[in-house]
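Some structures to go through are shown next.
In what follows, chain A forms one complex with chain B and a second complex with chain C.
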Partner chain A sequence: MTDINKHEEQKRFRAEATSLWKITFGPLVWAVHFVATYGLTALTCAKGWPLDPLRIGVGVGTVLALAGILWLGWGAWAQWDTLRDREWENDAPTDEDRHQFLGHAAFLLSIISFIGVVYVALPILLFGSCQ
Partner chain B sequence: MTEKLHMPAPEGPYPPTEEMLSVPVPHEEQERGKAELRAAWKTPTGWRYWSAVNNTEVGVWYTLTAFGFMLLAGLLALAMRVQLAFPGMEFLDADRFNQFFTMHGSAMMFLFAVPMFEAISILLLPAFVGSRDMPFPRLSAYGYWCFLIGGIFVMGSLLFDAGPKAGWFMYPPLATKDEGIGPDVWLLGLSFIEVASIAAAVELIVGALKCRPPGMRVNLMPLYAWYVLVVGGMILFAFPPLIAGDFLFELERSFDWPFFDPTRGGDPMLWQHLFWIFGHPEVYIVFLPSIAVAAMIVPTVAQRPMVGYSWIVLSAVGTGFLSFGLWVHHMFTTGLPQISLGFFSAASEAVVIPTGIQLFAFVATLMVGRVKMSLPMLWIAGALAIFVAGGLTGVMLAIVPFNWQVHDTYFIVAHLHYTIFGGMVFPVIAGVYYFYPFFAKKLLSERLGRWSFWLIFSGFNITFLPMHMTGLQGMPRRVFTYPEDSGWALLNLVSTVGAFIIAAGFAVFLYDLLRSKKHQGQIPRNPWGAGTLEFSHDVPEESWGVRSIPYIRSRYPLWQQDKIVERMDAGRFYLPDAPDHQRETIVTSVIDAKPLYVQPITGPAWICMLAAVFTGGAFIFPTFHIYTPAIVCAAFAIVCVCYWLWTATARPPRSNMRDAGLGLRLPTYASGPNTVGWWAMWITMLGDSTAFASLVFGFFFYWTARPDFPPAGAEHAIGLWVALAALLLVVSWAATLTAREVNHRGHVNAARLALCVAIAAALGGAGAAYLAVADLDPTSHVYPAILWALMVWLVVHVGAGVIMQGYCLAGSLAGKLTPLYDADLHNVALFWHFIGLKALVTAAVLGLVPGWLT
Partner chain C sequence: MQNIWLSDGMGQGRRQHNWKSHAALTGILLLAGCGSGRQSVLNPAGDDALMLFDLARVMFIGALILWLLVAALFIYVTRIAPREFSRCSAERLIVGGGVIFPVLLLGALLIYSLPLMSSQREADDGLEVQITAEQWWWRVNYVLPNGDTITSANELRLPVGARTGLRLNAHRVIHSFWVPALGGKTDMIPGRETFMSLKPETPGIYRGQCAEFCGASHALMAFEVVAMEPEAFAAWLAAEAADAVPPQTPLARKGAGVFAREGCGGCHTVRGTDAQGQVGPDLTHVGSRVSLGAGILPDGVEDFANWIAHTEDLKPEVAMPTYDYLSDGDLTALATYLEGLE
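Right, the complex of A and B next:
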């Protein structure tokens, strides 16, 4: 019999108060990149500024965003830890499975975010002018 | 520093072991628990029935009302189809046709699609997660009554030939210059309903995060709960921009502040942005919960757990985010720079990926399972077929040049009906068939269901498939008639015939839904062999929700946990009784659902209905430009809400601990971040801040879009008053925080003093904010108007903050709020964190930014 105030399981899987937020970090990077890219472009086009600084700025921002997503994705991959236990469903009532499930979800979300960032950066490469 | 006071912590064994669960419950214990729960959860009878707040009552009313509005909006569509059946018809005149298409769209979106999600979730979510009720039942009831009043008001305008007629998106300047009251009906009536939607979203998020049964960790939640979280979050970020837009729009309509008038520096494009930042996520807000219903049905049909649970979570969360990057694809022809259109085209293609993944997960589940084809599955299959077709035209429309070609033609009408019928209507009907045994304790007819399906499915395709062609042939949307030689006559006639077939299908469905089923006798408890908790419901009905709140350790407990239903029925699990005849549920931690405390739940009351009536008055009177009764109504609404909170929430409990069953003892009161109230406040303020951010966005939008913003030589806000307002509001925030801390340490008088200081500082701050812009004329140009709008927004929120501070002060004086029982003060302090931030941002925009921009 376990007391409600005691923890039997490994310390590293203890209720991660922030871990639910953590799965949204990948998409959040996408959102920030999207808003910044759109905002800067709108401003550049509305004010008639030259496009080259915008291209460089968005390029740097995109590289940073992709690096951030890769870093988050790598962390999530390690958290999912599928190479070690080959367990896909993570549906056991344990701290470990909850931990790995959140890692899996975050990993998949970082893939989607990566694709999203690449897509959104493409117009900047392909368009010669605002119009 | 004095010692802080704390509520006792939970104590006893947890999680329960198999030995503990296998101990039988003595018969007399079982009977005592049942009798107590029945007394606590008794549904009022007779005319008092309407004071009920239980989710099973409110959820059914809500669902039926939303369905009723859908039928009305469907009738409007039928009338339009009759008018368009032949060229030159005179069934409806142009003006009435305009009112009908505007209300058809508005009602389907605001009175059916979004409320239907809330209705179904209020009805089902507690059952999915084995909880007794939603955390704030009176809030659901209040939201329902607001919805009913607002819906009747908006739909009723058609009877007086006064309906809105500028299209469901109310584009200015057409809508701002409209001389009737139509746009006001739309703006105020629907804002009123949006407030109710946000209330429901807050409640559903809190319900999914905090009211899960012990042991139901985030990796075990029913998929529906994941969708509820995502959709609730989307509502919080999508609706506030529209509310901010409505606020600006109504200020222009009522007081001539020129936000969308280009002759005085305004810009109609701002409305389009705010509307579609709401409008596109909104499509996913109606789609995701419906697909969530499918995610509950598919595993049952396949008789196995969903394949790729994590993939579905990815898909829901990913779609939720990406759907916010699509709004400009409704604005491809507005002349925005093409490079900007490129971003939205790209994001529109990207959102297909997560949307597609969940459909593949469904198909995979069906492939590996042993499919038992049932009526709900038939509807789901129809939904997938139609939705995929709509999705494909969506991919076409995301490509800018194609979009230009078919913009505002019937091709769009076809596309949007394919997505929404397939993505929302069909899954919802599937859900009605699937969950009918749960909420009505009866079964719908298999034969009528098949009739209804084939009528609606074929009628739908006969109506909308030709419309792709009608659109490609150039027929524009929203025309009330067309000439003989246009060549559109045959296709239109086919569509009209199809519309009547759909109507016949709905008539069959409606008959099946409402016919008497008395002869049916008692139905099996779990007729589909489902694995999730809702089918542990009691037949015949009991209003206690669950007999005892189970300990969960699997995703499909009815399949994967032996004897769980038997033990729930015996009262073996948590809260099997109600010694004080008080409604209660267990509140658990967000990630691992560890029991935290027992939350008392409010029971039947008229006060929420009364509050809704007064809130309705506050929104409806201004439609007719009569303001005094509106202000009186608003004041009464506030009084009602305060009375309801005072008498029923966060009262000191009779004893601090309660035996929760299985040897576990839980506190009966909590304050701060563990509580449902704190989470509700935090989530509400997140939405509120989004609306505020939309106003600030408006300020910067004018700056990028207009060369004359701020106009040369314009008068600015008075810097001294701006600085004073910021200072005083920060002082008020600090004093509120101080009150919380010193009260917590037992210095009650110091806390009261701090609250007095906080109120005085807040009032002073609001006054200073007003004086800062008082000399500017908001009707002269958009620059002073937006400064005024920011000030009004801030002052109204400070007003709410002052009421809250006063409420805490009164609570402290009356002994409701003590050093130990201080939940109210925690929540008010949280509110003031946001006000403090808002005050600083407002002061920066009013006082500093104009200097930087010029």
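Right, the complex of A and C next:
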């Protein structure tokens, strides 16, 4: 790798230096949705409030969370860039590979977060009571 | 056993024959065990148990189909047509069969089974029973729609065709309430009331069992559930609400004297008498119950005598003392008195 190439690469992926924590966004949405769902349900059942507002609220929250995760997942998919360069693994010690690897990890985390949000929401949407 | 097969010189054939007959015998025993079913989920006699039985069948058949598919695929790729897979088709198989298919299948099963959970806790049709688990017996209070309470113990009677609510509590440790033939299992937790409901459909006598380890005599903490036609249930409930019948025979009257002399009333209640203790089971109508000692003995005069003289042997660490010093005469009289409390 020539010095010029190296310089180019560093410039292109400079943002990467601070973006490791970006891969936590998907699980973070899942965690917020989880805490809000469980907390609201516990509160509603403890206070004996009607269930319909809870179910509507959880339904809306779930749609928002899923939309957010889809958006993050789409960005991660683009960052992984596996269709263009046909590279399933990105294990070279270059900034570009690090960039794509982080996209790959964030994409997989988005999938698990999506499934987690759906499974957390299902009981409240399907249960008819606090019992 | 295996050593005998190997050393008897009859070789593989004999061994295989034995294996087969053992498997057949085990199968027959298992099936026989299922058929008798007074305490079996395979013999559902109520709405909730039927629902759970269906759920179990769906899950079992689903698991069986899945297992056969995986086994067939395994045999196909290793025995019938072994070949090298391209990276792409291998990844498709892993992502499709290992991620997408299980997520969809588990999601479908979750959607199918979740509504069943809340239906196991539907509200009652008017009758509510409060059950408190003790070590190792059951306090049972029938709460009528008008608020009246009828106290009983160690036996649950339910009308068929109606849903009865069960408010479950525990005194000192965690127990679990389970009548397999009628419905699911619910934990009983000190300081926290739990709720479930049962709707028996077939009249009969079923057996319940504490399903959470609760101390030395956990396995001996059972109870009988009598599912009755609504009219018979109403008549029984009216009789259960009444005070105890006074002893009718000289022997029973002598037994009532022994009961008073030994201080049994310090722990047990016999409504309509001086005995008002709350520590042990209510004995007002103990003679009409199906079992004795929380589901461990039948309910005959000899069984009462046996229980009173051998409590510690029959139920280790039970709070009731062993009255092994009573004379045979006193014991028989006491047992006759208790058996007469119908």
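We take it that the second predicted complex is superposed on the first by the 119 of 131 C-alpha atoms of A that agree within 3 Å, B and C clash if a C-alpha of one lies under 4 Å from a C-alpha of the other, contacts with A are read in each partner's own complex, and residues count from 1 in each chain.
In this section, a residue touches a chain if its C-beta (ideal position, glycine included) is under 8 Å from a C-beta of that chain, and two chains touch if they have at least 3 such contacts.
Model, not experiment: these values are computed from the prediction.
**Q** On chain A, which partner's contacts cover more residues, chain B's or chain C's?
**A** Answer, by number of touched residues of chain A: B.
**Q** Who does A:I115 touch here: chain B (first), chain C (second), both, or neither?
**A** both
**Q** Can A:F101 be said to touch chain B (first), chain C (second), both, or neither?
**A** A:F101: touches chain B, not chain C.
**Q** Between chain B and chain C, whom does A:A78 touch in the aligned arrangement: first, second, both, or neither?
**A** Neither partner.
**Q** Should A:Q131 be classified as contacting the first partner (chain B), the second (chain C), both, or neither?
**A** In the superposition, A:Q131 touches chain B and chain C alike.
**Q** May I ask you to decide whether A:V60 touches chain B, chain C, both, or neither, giving the answer as first, second, both or neither?
**A** Neither chain B nor chain C is touched by A:V60.
**Q** So, does A:P123 touch the first partner chain B, the second partner chain C, both, or neither?
**A** both
**Q** State whether A:L70 touches chain B only (first), chain C only (second), both chains, or neither.
**A** Touch status of A:L70: no partner.
**Q** For chain A, what residues appear in both contact lists, the one with chain B and the one with chain C?
**A** After superposing on chain A, chain A residues 115, 119, 122-123, 126-127, 129, 131 contact both chain B and chain C.
**Q** Can you list the chain A residues touching chain C in their complex?
**A** Against chain C, chain A makes touches at 88, 111, 115, 118-119, 122-123, 126-129, 131.
**Q** Across the complex, what residues on chain A touch chain B?
**A** Chain A reaches chain B through residues 1-5, 15-17, 19-20, 23-24, 27-28, 30-31, 34, 37-38, 41-43, 45-47, 89-93, 95, 97-98, 101-102, 104-105, 108-109, 112-113, 115-116, 119-120, 122-124, 126-127, 129-131.
**Q** Okay, in this complex, where on chain C does chain A touch?
**A** Interface residues on chain C, with respect to chain A: 91, 99, 103, 107, 110-111, 114-115, 117-118, 121-122, 195.
**Q** Going by the contact rule set out above, which residues of chain B touch chain A in the complex?
**A** My answer: residues 9-15, 17, 20, 215, 217-220, 305, 309-311, 313-314, 317-318, 320-322, 324-325, 336-340, 342-343, 345-347, 349-350, 353-354, 552-555, 589-592, 594-595, 664, 704-705.
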